[in-house]
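Labels for the chains are A, B, C, D, E and F, by order of writing; each one numbers its residues from 1.
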C-alpha cells in the first residue's frame, strides 16, 4: 500500500473525511484542504507525547465520524462545503529531526502546490519550520505572513546542540527568508523565556509579539484587529500556527511546556475564527497536543475544535465572498 | 426497608439533609425541596458514567455533612432555611430506558404534587423528559417554561433507533406539549450539532437558543435578562435544567460529550443564582456529571455547588419576598 | 454505507484485518474467524464503560496495525494463517438491552452459519447470552459446552427488575437449553456473590465451578485438565467466554466489578491457549474491559492479547492437526 | 447526635452493617465484631492520604451495601453469621498524634472490653500501637501475640523528632510490654529499611521476621505454618495487623511507602484466611490504604476484601468449632 | 550536614537558586529573598498532600534550573536581579502541629531579621500563622497588613479540637495582635463557610473580605485598588498570602478544599503582580498546592509562577524606585 | 559549571550518592560504580517518556536521600560498601539519535576505563548499543556476554528508516562484534514480534532466547541457571540489560511497549540478584521506565529497586569473595 496511513495505531482520517495519498496527486486534485499528520515529538525540550497528537486530534469527537460537521456558530458544514481530504501521516522518526522535517516540508509543499490549504496536525512546534516553508515555497518566499498563537516565541537559536527543535522554528523561518520578520504576529506570549538577547534579535527583525500583559491591558480584540491588519499588509497569504499551550494549562493540560496565565479556550476559538474569516489563510498547523499528559481528552478535543473552527471560518469566508446571503454576524440569534 | 436508598454504593443524603421516602408522603409533607437521585446513563450517546453522578454530587464537599450550608454570597442557609429532604435514588436500570424514565416521572410528579420543588441529580440528560413532564403535570401542561443551560440543544429526533436518549429530551417535551417551544430558553449552545434540519424544526417551535457567539458578542448578562423575561411571560413556573457540559471542558472534564469553548464555572454559578433568585423556579435538574472522567472530583464539586447555588437563591428569594430586610445586592461587602 | 462500522469513534478493524459486512455474506464466505464488536454496557450492575471495549481491544497494540501477528510462543501468524475479518460493531443502544441483545444474536448466528468462529469483543457480560445462543443455534442446542473464565458466576435471576444484565447470562443460557448446565465450566470464581439460593440452583444444574481456593489448593493446571475433559464429553464444540475480571484487579483494573485475588495475566493467557489448542472452540467472547477505569491501557492490552492468544492457538491446533510438523511443545526453545 | 460518624465525608458503615455508638455500650453489647475507623495520616513518613482509608475501605464494593456478604470460599456470611457493628470513626486530628492515638486506644479497648473483636480500618500504621495496646489491656499485657503482614518492620525509634509515627509502633508495643517481642511474627519484609542498629534491637527482642527472600526460598505456606505455631505458644490471643503494602505495589499502588517485590493479592488473602481460621484472633487492623494514590479503587477493594476474608474465616472457625458440619476443606469444589 | 535540605525526596532549590542554611546567617547575610519550604499538611481539614508542595513548586518548570528567570512581562530577571537563596525545608512533622509551627516561625523570623523577604512554600494554610507572626515580630506587631487571596476566610476558632489548623490561622493572627483585623484584606472568598457566628466575629475585627460576588459586580481591579490602599494605611509592610484555591478548581485542581467559582490563573497572576509592584511586601507565602490531586502538574506550575510573579514584581518595583528608566507600563509592546 | 547535571528538571543524584563529573576523571578515580543518566526517548517506536526515566529512577524512594541503603535481603549497604558516584545525565537530544548514542558510548567507556561498573539509567532501549559497546571496548570486543531481561528481542534491522532505535540495539551489537551472538541470553520474551525472518537471523547468531512459555514450562530458576552458565563460558564479564517491560504491564504500566503476560516484580528482582551475585557483572542498564504512563510512580519505584538489587548483589558478591563471613543463604532468617 503506497499510502503511509497512521504512524501510530490504526489508520483513521480526521472525523471521517475521505483519504488521499500525497504521492498520487490525482487523489486530491480537487481539494480545498488537505489534512496532514505530523506525529513528531523529537524536537520537544520537555514533556514528549505530541507524536500521538495527530491521532488524538483526528478522533477527539463524540459525534459520528461521518465527514460532516455543521457549525452552529457559522452556519456552514466545512467538511462538506469544502473539499477536505486527509493524507494520513508523514513518517517522522523522532530520532532524526532533519530527515523528518524535510519529509514534512515535501508533503506540505505538495499540498500547497495542488492549490489546497494544508492543515498540519502536530506534533511538536518544530514542524512550523517545514509547514510555513512548504507553503511559502508555493505562495512566494516572504509573501506569507505568520499569525502565531503561543505562550512561547519559539525564536531560540541553538538548543541541546541543535538548530532544529520546538523552540527555534520561528528564527529559522526568518533567517531563511521564508517569512518576513515584520510580518510575524505572535499572540499570547508569557512567562520567562526567551532572555534579553533573543528578545533583542526579535526586535531587530521587527517582529510584533503580544505578551499577555498587553493583551489584558488593551483587550484581546483590539490587539487582534491591529495584528490582523499587519498580516495582510504587503503579503499575499497568511499561515496560522496554533500552539495549544497558548491556552491556560488549567484548560489545556495535555501539552509539553505548560505556562500558566493563558487564554481561555473560548478566546482561542474566537481568535482563530476571526483569523480565518478575515484573512486569506493559506496554511494552518495545530501543535503541541500531548495526549500522555491530557485528562479526559480535553486538550485533544480542543485541538480538534481549533481545526474545525479554522475550516468553518474559511468556508464561511468563501461563502460570504461569493455573496448572495447576508454576511456573518456574531450577534445574530442561532435560530434567527 | 421500603426506601430504595442509593442504587450504587452506600446510602447517603445530599450533604446530610434528612431522608424521606417517596412512597410515604408523610415523610416529606412539609418539604420545600426534595432531592431525587436519577442514577441513569443508559441514554448517553458517548461516554457513560453519569449513573454515579447522584452519589458524587451528594458527597462532593469538604465540609461536614451536617445538613447546613450558609451561603457567603446570599446570606442564607438553604439547607436549614428551607425544608429539604433527600428521597434517595429512583431505581433506573441502564438497559431499559423507557421503564426507567417512567419511574422517574412518577417520582418527580409525587414531589411536585406534594408542593415541593424537585431537585433531580442526574444521570444523563435523558432525564429532563420525565423531570419537566413530572413538574408540568402538576403545575400545568404548557404552563412551565424551561431554562436550559447546555452545550447541546438536545432536540434530536431518533438516535440509535430510539426516541429516548440524552440527545432528544427537549424535542419530546415540546412534542408532548409539556413545555411550550417558545418558552424554551437555551443558553450556552456551541459546536457542531444538530444539523440544519433539526435547527429548522427548533426555529419552527420558536425556541430561543443562545449560542456562545451571541453570548460573547452581546454579553451573557444581557442575554440572560432577555431570556429570563421570556421565561415568565405567560408561564406560571420555571424548570431549570443544568447540563454541566455548558461549562468549558477544561473546567468540567467529568462529562460525556465535552464541547470546548464554554462558560466558566463562575459564569454558570452566577447565572443559576440569577435564575433562581429572579424567577419562580418549580423544578431543577443537574445532569451529565460523569465521575469516571472526572479529575480530583472537580466536576462533581461543581455539580454540588450548582445545586447549592440554586437552593440558596430560592431561599433568598423567599426571604426577600417576605420583606423585612434589604433585598440582595451583589455589590455589598460580605461583612457590610 | 451499509456497514455499521464503529458505534463509537472512527472505524477501525482488529489490528488491521480486512473488514467484512454481516449483511453481505459474500464478504466473509471464506472466513475462519469473524470479529464482531458488541459495544454495550447497558447491562452492567456497577461501573460502566465497556461500550468502549471493542474499540479499545481492537487498537491496544504498539505494533503496526497491518493484519499480521506472528506468535513467538506458538509459531503461527493467526491473522494470516487463518482468514480473519472484522465485521465492525453491532448497534447496541445501552438503553434497550432486549433489542440490543437480539441484534447481537442475529449477528453471531450469521457468522456461525457461515462456518466461521465468531469472536465477540464486549461489552459487558450480558452479551454472553446472545453470543453462546447464536453459536448454539448453528452447532446444536445443548451441543456446545461453555468454558467460562470469570470472577463471578453470572447466574443471577432478576437484577434491577430485569431478566437480562451482566449478572444473569449464564442462567438464561441454561434455562433456554442453549447450553447444558453440566457442560458449564467456570474458572476463577471468588468473592461474595452469589448467595446460597443461587449456588443451590447452580448445583442443581450440575455446573462445575472452580473457585480460586480450589484452583490454588489443587493447582490451576490440574483443574483445567479436568474441566477441559468435561467440556468435550458429549458436546461438539466449545464456546470460550473470558471475562477479564478473572484476572486480579491489580493487573486488570479497567473493569466494572473488580474482585481482588484473581489469576495473573500470565495464567489467563496460558489457560486460554490451552483451551483453544486442546478443544474444538466454535466461538469466543472477551468481555468487561472498561476503558474509563483503565490505566495506561493495560487492561485493553490484555484483552487484545487474549484474543490473539485464542486465535493463535486455534491456528496452531489446525496446523498440528494437519500434521507434517512436530506438534507444539511448550518446553522447546524459541530459536530451537 | 453523640455518635461521631465519619470524620471525612458522609457517614457510611462497612458495607451496610448496623451502626453502634462507642459511648453507648448498650448499642453493641451483643457484638462479635465492631468496626472502628481510624482516619489518621499524621504519622506517615511519606505519601499521606490514609485518612480517607476508612471511608474507602467501607465503600469499596460493587455489591449492594446490605450488610450481607456470603463467602464463596468459606461458605459463611460473616456479616450475618457474626454480629457486626460499625462504630464510625474516632476523631483523629492529623496534627496531634498523641491525642489521636490515645483516643483510638480508648475506643479499641472499649470494644475489647465488651467482648467483641475490634477491626480497625486505618489510617497509617501508627495506629497499631493503640490498636494492639487497647486489645492487650483487655486480654492481658503480653498475652496477645502479633501477626504482622508488612513490607516494613515498623520498629524505628525516633523519626522526625517523634516517638510516634507509622515507622515505630512495633517498637513502642514491645517496649511497653503490651506485646512480647518473641511473639511478634512479621511476614513480607523487604527493601532497605531499617538499618543494622534497629535489626540488632529486633534480634535482641527475639522477633521473628520473615523477609521475602526467606518466604520465596522456603515457601510462604511453610513459613506461615511455623509462624502461626509460634503465635499461639503461651499466648491467649492473636492480633492481626495487615499493612496493605505487604502486597506488591503493582497490585496495591494506593499506599504511602510502596516497596516493590511483594506478595500477590491472592497470597495475602489466603494468608489472612489461614490466620483467622487457625488462630484465636482477638483484634485486627488493616492499614495504609491511601486513596489519593489509588487507581480505579483497586487498593481500597483489596482492603475491603482483607477485612471480609478475616471476618469470614473467623465465622467459619466458630462454625467448625461448634461442630455439626465437616470442617473447611480448600480442595472441595464450590458446588460439591 | 547542618542543613536540613528537603524533608521529602532529594534536595533541590527553587529553580536552581543557591542554597543557604538558616542556622548560618553568614550564608544569607546579603539576601533580598530567602525561600523556605514548609512541607506540612497536618493541619488540613480534608485532602492532604501539601507536604509535597514545596518540592513540587520548586521543580515545576520546563526551563533549565539555572537560577535565572527573565520575566517577559516585567523586563527583570528576579532570580538574578535580586539576591535569592533557598534555605531548604523546615522539619515539620505532620503529627505535631504546635512543634512544627513553632519551628517555622523561628525560621521565618530569622529570615526577616536578616533583612530579607521570606517566601514560604506551603504546606497547608496553617503556616500563615507562623509566617506572618515571624515577619511581624521583626517589622512590628500590628505594623504589617495582610493581603490574603483565598476561597476561604480561615478564621475558624477550634476545629477537630485544635486551635491550630488550616482553617484558623487568620483568627490566631488577629487574636495575638500580630496583624490588625482592620488591615486584613481577603480576596476571592466564596462558598459555604464560615457561618454567621464567625462572620460576625470577622466584622467585629473590621476585616475587609471581598467575596466573589462583589468582585464580579464591581470588577476585580477596582476592588484591588481599594484593598491595596487600605493595606498601606498606617502599616509599614505587607504580607502576601496566596492560597492557590482562590483560583477555580477547574484550573487548579491540586488542592485540598476546592471551591468552584474562583478566579482564573491569569487574574491571580495579575493581582499578585500588582500587589508586589505597588505595595511594600515584606513576606510571602504560597500555600495549599497538593500534588496528589494535581493533574499534569498544572497546579504546581501555577504555584511556581505565583512565586516568580511576586519576585519579578518586587524586582521591578525596586528598579523603578531607583529611577533611571521609564516605569512599568502594561500596555507597552514586548519588543517596543 | 562543567558538569551537565540533569537534562530535565533539577539536578539530583541517585538516592543522594555523591556526584562526579565524567570530564574530570579525578572525581571518580576510586569508583566501584558510576551511575549515568541517559534521558533519551528519541528511539522509541511507540509511547515516549523514558527521557524522564533517569530522574524518576533516581528519586523513586520514600526513604531519606542520604546515600545509604542497607539491604535486608543481602545484609550489605551497597551505596556505602561500594564507592558509588552519580555522573548526572549525558546530553541526549531526542531528535538526533546518532549524536546522542555516540555521546553516551563515550561516557560509558570512560566509566569502564576508570575501572568502574557503569550503571546506566534509561532512556529507551536504544541505549543498550552504546552501553554494551562502551563496556566491551574496555573489557574486550566479544569478551562480554549479555544477560537481557525483556519482553522483546530488540533484534530488528531497520525501523522507521533508521538503523538505530529501541527495537534494534541487539542486532547492531552482534553485527559489530561487540557482543557474541551465542553469548546473548534473553529472558522473558513474548508476544508477536519479531517475525520469522528476524527469528531466523537470531537463530543463525546462536542467540539463546527464553520465551515465557519455556520459562513457565521449565521453571524460571532452571532456565536462569542454564543461561547464567552460558554467560560465563569463554567470556570475561557480563553486561546486564534490564528492560522493565519484562515485568507484566499490570505491575509495571509505565513503559512504552507493554506486553501482557510477563514476570512478576518479585521474579525480576530475584533474577537480577542472582545475576549480579553469581556472575562477574561489568555493566548494567535499566531501561524503558516511562513516567508519563506510570501510576503512583510504581514503575519508577521498580526501576529504582532493580538498580539497588543489582548493586547490593554486587556488594555481597565482593564481600563473600573476600571471605571471612558465611556466604549468602536465601533461606536464612532475617534476624538469625
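Definition applied: a contact is a pair of C-beta atoms (placed from the backbone, for glycine too) under 8 Å apart; a residue touches a chain by one contact, two chains touch by 3 or more.
According to UniProt, the chain labels map to these proteins: A, B, C, D, E, F = Agmatinase.
These numbers come from a predicted model, not from an experiment.
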{"item": "Lowest number of touching-chain links that must be crossed from chain A to chain D", "value": "2"}
{"item": "Copies chain B and chain C touch via same or different residues, half shared test", "value": "same"}
{"item": "Chain at maximum distance from chain F, centres defined as averaged CA atoms", "value": "B"}
{"item": "Equivalent of A-B within the choices A-C, A-E or E-F, defined by over half of its residue contact pairs recurring", "value": "A-E"}
{"item": "Chain located farthest away, centre of chain C as origin (C-alpha)", "value": "E"}
{"item": "Euclidean distance of C-alpha centroids - chain D vs chain E, Å", "value": "41"}
{"item": "Distance from chain F to chain C - Cα centre to Cα centre, in angstrom", "value": "38"}
{"item": "Separation of chain B from chain D, taking each centre as the mean of its C-alpha atoms, in whole Å", "value": "44"}
{"item": "Whole-Å separation of chain centres (CA-atom averages), chain C against chain E", "value": "57"}
{"item": "Junction residues of chain D, two or more chains touched", "value": "46-47, 248, 250-251, 264, 293, 295"}
{"item": "Chains grouped in pairs wherever the two touch, ordered by label", "value": "A-B, A-C, A-E, A-F, B-C, B-D, B-E, C-D, C-F, D-E, D-F, E-F"}
{"item": "In the complex, chain B residues that touch chain D", "value": "6, 9-13, 15-16, 58-59, 65"}
{"item": "Chain A-facing residues of chain E, complex", "value": "62-63, 68-73, 77, 247-248, 250-252, 264-266, 269-270, 295-298, 301-302, 305, 308, 330-335"}
{"item": "Chain A-touching residues of chain B, taken from the complex the two chains share", "value": "45-47, 189-196, 199, 202-203, 207-214, 216-218, 248-251, 253-254, 256-262, 264, 293-295"}
{"item": "List of chain F residues in touch with chain A within their complex", "value": "8, 41-44, 46-49, 51-52, 91, 93-97, 99-100, 126, 160-162, 164-165, 292-293"}
